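Chains: A, B, C and D, in written order; residue numbering restarts at 1 for each.
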């Protein structure tokens, strides 16, 4: 049904998580909500609640302490979901690459669908990234999605995730 | 037939009201805002999300909330008892709070407590208004109340009391304490997701229709009925955009201090035969 | 600059620090060739000077906390305790680092952790 | 810390963070509350610890340092860059030779940064009070400031205009006049902000008397920046450690005595007027110069410190020069680091719904704190 697909693509509720970025992108993300850029035109709301979100906007290079929290958030978002990495440092580490407490980008922890580079990413770029994410969202189904490197930890056929061993795996990596 | 029409059309009207709310709100903040059918997109999307069940009771309460809200609305529009409508409405909110209490989430608990205060703030003025309507029409049965024309002429203060408790009923600032997006991120509804959030989302639309109908009672038989409803809603939005959120005890205090004396004055004046 | 030893640095700080006249800036550590030193930075509102109290500490020595004299000092102390591996009274484990971060990352080692990390990344 | 008996059975523990709508940054605060009244607070600020201090002594040489430290915090980026640069210049021994034009351009950058930061936090404060409209309007006004920065330095945030020994970009005559026009618009919107924070009844009701910090407490806990000035502490690093021309321009230190959340907001508003005046003075006092970058031949060799006034308060840099390209130690003490120890004390006894405004009134920047 086309109308159902339309529903998916027209109402992105976002969840924003800062994994140790410099605030530049986060502030631009907030600026995206304000009158000049106004992404509510696309139905986008900053829900701040992982259970009701569709699009995960991640900024920052993922510090070691944020890692588990990020994965938790990712698992709490019900499918279909899209992950957007905002800013150069979330795409691959940026200036923070190879610092001792940093994981070098979001993709090391969870799969990323859209990369938005820039330091700091401009609001126009962020809107562009979100609109790209909407197209991806339209194609995704409601099947359980698990990060590929964590597939072996998924228990059973219906996909209950063994949370403990999952976090254990993360600590080891 | 009439029942069927009401059941089908009231959610549609509710959705449009919700969309208009968001649009007007955005325009007041100098933004463009979402299209007016945005709530329908949201609902469609919610139904397509993967269901994540926390516990059965929690979900049951969401449906109970929706069903009772729908019952309240249907009772109202089909001309049932006004007291029943108010009790159904209050119970529906109480079910939401009960659902929120069934979890271990802190925000959910805080939200549930606030939701109970919200009932405490909103229901007494409504009940008194119902009593006032009974005084003037001699019946609680809405089908008989519908016969009377322009109640606002004899109960202006009660109408003002209703307007005063509107921000509370519609959960708009300064009295949006039970949702309080920046404090407890939605409060009682925080843990609902996907298809289980849909009934709550839908119930919000129905509540708006119910509120609109409540305003409508005062203007029955007048061509101004739609204008009156729209004006009061825009008034609520304007208030929303010019105040900060107050705390829940402020909400109870202000609603009672403002609304109850107003209704009381109206009852007194009606009893004296002045109005 | 005030030189002090582990024995008397608290007395010197007590003499120096008057909340209305001296502003506490922070605490820092440095690893020289002789060993560690802990430095307390103050700013005097009257002379507009930055005053440093320097305390030499050997590896593994226990440093008393000055948070009974200078109230906000505890955060800075926990920080250097984590980053330099200095034992400070009342410290909180892993205030700044995660359980799997490298221990005492700011100490000079033959091959520092992030160089090793970079080589790993290049491979 | 004060010891208060907490009955665990009747307490509700409310965690806030590390992901929360009211917080753009990850910080975790855990409140034990009774009837929504906060009884105990614990906090975890290290979600943003990346290890920048270490990287400055191993990975990047001193000429790259101003750009790296800019990434500590995107809101007060240029304050970090300037503090680092000034400390490096002092360490090399060329701080006396920096031309006036360079100082002026740096001052303009810093003050623009301060303007946008104050707009940002006051708007965000209004939002966490549930006042979305003010948030939208203040952020709309903030866009003018960002436009000005874009016009001057080529980026909205993170304009890496400062380098060791000078600046990367000069302001030509034409842009100068356009800025003067933009400043008038900005001043108008500051007037709007002042009106909001003095006249609006519900906002004032929420913020008045919230989280009062007395002057003694402010001294005792070593508060910095607008939070200290709102309690009556007359301190401003721009005067105390003047790397620019603030003393010549007669910068006024704005203080208030109330020490509550509203006073902290108003200090920021009034500082905005002062910032606009400083930008005007800096534009008028110097004209575009030929030389905007000194040639830097030496490596940092001395120990040097710099105290710079970031939008949030005193920013302290210490650089230990070793004569090599890479400094021996870079110590960064950020303003929020000094303002956090008092938070648990002012938060006890406050209702939970007042916690986000109270937290925001101190203008916390966790990216700075964690580094």
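Heads up, the rule we're going with is that contacts are C-beta pairs under 8 Å (C-beta built on N, C-alpha and C of every residue); 3 or more make two chains touch, one makes a residue touch a chain.
Keep in mind the model is a prediction, meaning the values are calculated, not measured.
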Farthest-lying chain, centroid of Cα atoms versus that of chain D: B
Averaged-CA centre spacing for the pair chain D and chain B, given as whole angstrom: 43
Interchain centroid distance [CA atoms averaged], chain A/chain B, Å: 35
Where chain B and chain C are represented by their mean Cα positions, the distance between them in whole Å: 58
Shared interface positions of chain C, touching two or more other chains: 97-98, 105, 114, 118
For chain D, residues that touch 2 or more chains besides their own: 20-21, 46, 49, 51, 54-55, 59, 136-137, 140, 370
Sites on chain B at which at least two other chains make contact: 29-31, 181, 185
Chain contact topology (line, ring, star, complete or other): other
Interchain contacts, given as pairs of chains that touch: A-B, A-C, A-D, B-D, C-D
Chain A residues within the chain B interface of the complex: 3-4, 6-8, 10-11, 13, 34-35, 38, 40-43, 47-49, 51-52, 54, 78-80, 142-144
Residues of chain A defined as touching chain D within the complex: 15-31, 34-36, 46, 48, 50, 60-61, 63, 65-66, 69, 73, 89, 94-96, 98-102, 119-120, 122
Complex contact set, residues of chain A against chain C: 63-65, 97-101, 104, 171
Chain D residues within the chain A interface of the complex: 18-21, 24-26, 46-52, 54-55, 59, 67-68, 70-75, 77, 120, 124, 135-137, 139-140, 142-143, 146, 155-158, 365, 367, 370
In the complex, chain B residues that touch chain A: 22, 26, 29-35, 38, 40-45, 47-52, 181, 185-186, 190-194, 197
